[in-house]
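This is the structure I want to talk about, given as structure tokens.
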Amino acid sequence: MNFASDNWAGAHPSIAAGLSAHAGGFSTAYGDGALDEAAYQRFNEIFEREVAVFFVATGTAANSLSLTAYNRSGGISFCHRESHVIEDECGAPEYFTGGSRLYAVDGALGKIDPNRLDRAVGRFAPESVHSGRPMAVSITQSTEVGTIYTLNEIARISAIAKHHKLPLHMDGARFANALVALETTPAEMTWKGGVDILSFGGTKNGCWCAEAIVLFDLDRARELAFLRKRAAQLFSKSRFVAAQFEAYFKDELWLDTARHANAMAARLAALIEDSPSARLAWQPQANEVFAVMKKAEAERLHLAGAAFYDWHKLHDFDGHIGEDEALYRFVTSFATTTEEVDRFGQLIAG
Amino acid sequence: MNFASDNWAGAHPSIAAGLSAHAGGFSTAYGDGALDEAAYQRFNEIFEREVAVFFVATGTAANSLSLTAYNRSGGISFCHRESHVIEDECGAPEYFTGGSRLYAVDGALGKIDPNRLDRAVGRFAPESVHSGRPMAVSITQSTEVGTIYTLNEIARISAIAKHHKLPLHMDGARFANALVALETTPAEMTWKGGVDILSFGGTKNGCWCAEAIVLFDLDRARELAFLRKRAAQLFSKSRFVAAQFEAYFKDELWLDTARHANAMAARLAALIEDSPSARLAWQPQANEVFAVMKKAEAERLHLAGAAFYDWHKLHDFDGHIGEDEALYRFVTSFATTTEEVDRFGQLIAG
Amino acid sequence: MNFASDNWAGAHPSIAAGLSAHAGGFSTAYGDGALDEAAYQRFNEIFEREVAVFFVATGTAANSLSLTAYNRSGGISFCHRESHVIEDECGAPEYFTGGSRLYAVDGALGKIDPNRLDRAVGRFAPESVHSGRPMAVSITQSTEVGTIYTLNEIARISAIAKHHKLPLHMDGARFANALVALETTPAEMTWKGGVDILSFGGTKNGCWCAEAIVLFDLDRARELAFLRKRAAQLFSKSRFVAAQFEAYFKDELWLDTARHANAMAARLAALIEDSPSARLAWQPQANEVFAVMKKAEAERLHLAGAAFYDWHKLHDFDGHIGEDEALYRFVTSFATTTEEVDRFGQLIAG
Amino acid sequence: MNFASDNWAGAHPSIAAGLSAHAGGFSTAYGDGALDEAAYQRFNEIFEREVAVFFVATGTAANSLSLTAYNRSGGISFCHRESHVIEDECGAPEYFTGGSRLYAVDGALGKIDPNRLDRAVGRFAPESVHSGRPMAVSITQSTEVGTIYTLNEIARISAIAKHHKLPLHMDGARFANALVALETTPAEMTWKGGVDILSFGGTKNGCWCAEAIVLFDLDRARELAFLRKRAAQLFSKSRFVAAQFEAYFKDELWLDTARHANAMAARLAALIEDSPSARLAWQPQANEVFAVMKKAEAERLHLAGAAFYDWHKLHDFDGHIGEDEALYRFVTSFATTTEEVDRFGQLIAG
């Protein structure tokens, strides 16, 4: 019953098999091999247009380099207060950009409130050397709290960004989970809605290590190649990422693993809703479930073999948390089984 | 006949199998899993003492973070003019350190000349805010030109570094190739000889992506954990590296692959020596062979299916290169076959 | 009637005379001249202990280098939401530190709320590579909104910083104004209360360009010398700053100019309080007065020759601002005359 | 007999008087005051075209920000091996640019050898993410060793820079000394010869602290304003620099002080040439004289009250230096008197 994180899972058997299948033979290094090229082409197909793809080692790298691609002196990027870039990356975005700033914007359910965003950005107009200046807007899809921006919501954020002449970055560490939940297309969820650059994550959804920056703003591709290498994010045997993506996209594996993870989360949420000892903090929309329960109950569950995290780090939760209660996070993945979920359900059935 | 680079090879079958074997099950992320811990323990055994191990994505990251671990304002690191840190990393060491400087020191056969090093470092004494100040010495083992520092040579460089109170970094992207050539132990080739921090490369020697910083100066381990995360080099599913290292070290696979690569280089060198149309630039000691031949001959070989690089980028070659000649580099690896080498030998046999 | 800013004034006649007096003769450059040494000695006397003094070009440099002196990877410095470091320095503190973060803490009247500070810092315990880690606390004395931390308030903030093992920085761009208002000593207001490093400003209080970092933590002095030079803040003809400080401290000029500026602010505040068309936003304690009035009234005053700024940039003002009203800032200095203030008083007397 | 450095002098009486004259009254801060605008206008006149002028605190700042204005990832700037940017700025250019590299090019008499420059830059073509890429060329006029690039030499360097699409920076810390020696115009010596950005120094030639970046490439002016502020180089009471430049340019004071300094150097050189105990290392062209003499003789002169520096730090001196001899540097300035020089002449007359 492991709900600690989707990065506690290993690799999907098809991903492992893909890697093995491509272990032999020689290939041009540094992203210029035939398998790399084939993977880039797959990205073009999936996004229904030409995109520039940059494999990197981690989601933090994808996010940090994405912002670096739009770096400017005195720059300020706007993100949600709970976002990974500001909460979980040890200042990598600031470090990569040589000191640009992240500006936390609030909003319910882990999503930037458009009005707050507009006001926050607006504070910096007109541009002044003293206050610094806006540089980018970054949203997370699905969010850090398991919710999802609708296409309309993305369009609204995008319109504000465009109004202020800012690029829109999407942290898609859990891109697939959002995609299948919205039943939309990658194109609709990104560039057609105004996204300029995307951190496309495969790792949490079944790969070993497969993260990519997908750049829609092709004019910046050449520069990003230098930014990536300078940041020590250019793999020599790049095809080990390409091989994973090949398997990831083949026969829609990535959509299946994401659907499975989401379904497991929904199943878990339903069991929590029915439970006398826990209640949902909010309705999950992707593969993360947040619930409130007594600390003693959580301890009992941990002892019974369930792994999940106390999520006290959440900044703002407007629901009720009793004095002896706490907020907990449960994450599902391709590797979560119905049996595990149901076993957990029995534990909390009271 | 692929002698382009050892990073053009894929993964050794045992590495691929190791990855597959560990694809299932849940494990703590970010380097704290059981497989990670087991791998760290293996490093302890191999180096015959406690070391701090940090998996990173690339050799460039290992080098850049190693220098960052010893970063200081106005810092200057001394390396060979042909070294990877200064020639092939797009300024990553300078970027990671926020602007420290690399100082190129000359020396025959890709190895820092100790007297030149001493003079170069000595120029900055006494310490002055104007000139900046020495920060580290970095050597490459085996070197970029396929040669090897003897243990005595390492000790000599180390003594100079210590005299100037500088840490000694070793870029071991081809660590195993040097190790088996010297028939020594990892401990002798590193900390026993005064090396403080090591970039330990597995990728070029049969892994997909397995690079580690091995830190002997344990007081800096805590800080390096932050430096690595801030540089976006902390893998979530870290066990995918650990699994590679497990297989890499098992039954001395890594020594076998390195011995094979070196043997292939020696075989190739012998064939070149015997050839009427090419001559060795210098004697290879690891898995890289440099040869001089007519450009027309090189073109003929390329057309016949041999892959290798023109190495005009070498700064100083004191041998003779005729007007219609050039210097070429041939790299062998675990994946190079005797048949390939011999086929090439026939091509140049005249 | 110029209340735009205290940096709109020029130099006090004694400062100008001091510069002229020392224009001749030769002197060691880069801060090692006799006049520099004499100035450092004066700082020792004024602070009643040995301090390390570093002249720099701007208050932004003093603040940014002060934080850089305590820089760490993933570092986070806590400051008030209205503080100069976060609002008015174009990201210089982040830039100088290569990407450390500023964390805005709220608090009434421009002063950090100790409880909020404690909670904000506490969120980062225990230390984690993901979230980054606290690095420093920075307070401004007098604050950006013309208020003053009492000695007790400084001690409270300091205790929290010490509890979390953090250094305490004081931005003293208007140090003298606070000092004379509190009728205390420089020692009491700084190191005796737990301040580790101080940005000591002379420019706003009558100098042309005289800013210094006063470091109480002498172990860091050697490093700070490098940090300053690397940041291009080491003046060659350093005595031009020393000469200003000599005149600044002579016969307590600096206390007189600060008292005058504060008195002018108090006089202005009293006139505003008596005015039918404006009201104080809060009671001024140093040399800045904030008032609310109708925009039309402000325009009338501007047209009548009064210079002062609309201060809409304030984040949180819990007083009432009517729809056709706005918040305005008035700053006084050594150069403000009673006549100017009274003339303004007549204008608003209705 | 102070020949230690031109920055050991104080301020010219006219500069001091200019500062005093402008000490009173209010003025817009941060470079937007009337006196600032007048100074900018003077620069336009002096350079016979519109230029963008940025006052900064130090020559190091001017140089570092000039290179930062042309910063790019993996960037490499080419400068002479003896240049101030690489020898005397504690890595500030690398720090300001977040890690770009300085590449030392050799050349006789402190001047970049055009052929070596062309080869050095050419090594990086075609552009590759591994090696990094050229970013700028920087020359020093007059040079660190008291010599001067002729207009033709500047044109030659400029042509190479342009050929490689690189901007040309001139470090003009001693701009005036070169200008009067060449008997040319500021326009001819800069933008008409292909210089894109200039560090214009007033400090060494009679000011207290008056350094400016003169940008001919106006498209970059807006960005440079942010770069300067972010680097803490924007003075609040900016008019204190403007006042110095006003006096500096008035009645051609700056040309007079430079001519005087150069004449003193020539006089000193003639005396050295006539001396039995010292010999010129090379012919001085500006205000610095380099001579070889016995160390014992130098010590005797020091004891007799002559201040000058041992210049062992020079990398390459192809003249003869005997075993008990050394190279020494003598710098003259506006403040050097004929009497001083002649007194020194008598000392070495034997």
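Every chain is named by a letter (A, B, C and D) in the order it is written, and numbering of its residues begins at 1.
Keep in mind that, in the parts below, contacts are C-beta pairs under 8 Å (C-beta built on N, C-alpha and C of every residue); 3 or more make two chains touch, one makes a residue touch a chain.
Keep in mind the model is a prediction, meaning the values are calculated, not measured.
Distance from subunit D peaks, on a Cα-centroid basis, for A.
Set side by side, the interfaces A-C and A-B show unequal numbers of C-beta pairs in contact, with more at A-B.
Between the Cα centres of subunit A and subunit C there is a gap of 41 Å.
Between subunit B and subunit C the centroid-to-centroid distance comes to 51 Å (mean Cα coordinates, whole Å). Note on chain placement: the centre of subunit A and the centre of subunit B lie 34 Å apart, centres being C-alpha means. Annotation for subunit C: residues 30, 73-74, 89-91, 95-96, 98-99, 129-130, 132, 226, 229-230, 234 touch two or more other chains.
Remark: subunit D residues 30, 72-74, 98-99, 129-130, 132-133, 223, 225-230, 234 touch subunit A in the complex. Interface of subunit B with subunit D (complex): residues 73-76, 87-91, 94-102, 123, 129-132, 313. Remark: subunit A residues 2, 4-5, 7-13, 15-17, 19-20, 22-30, 56-61, 64, 89-92, 95-96, 98, 203-204, 208-209, 226, 229-237, 239-240, 307, 335 touch subunit B in the complex.
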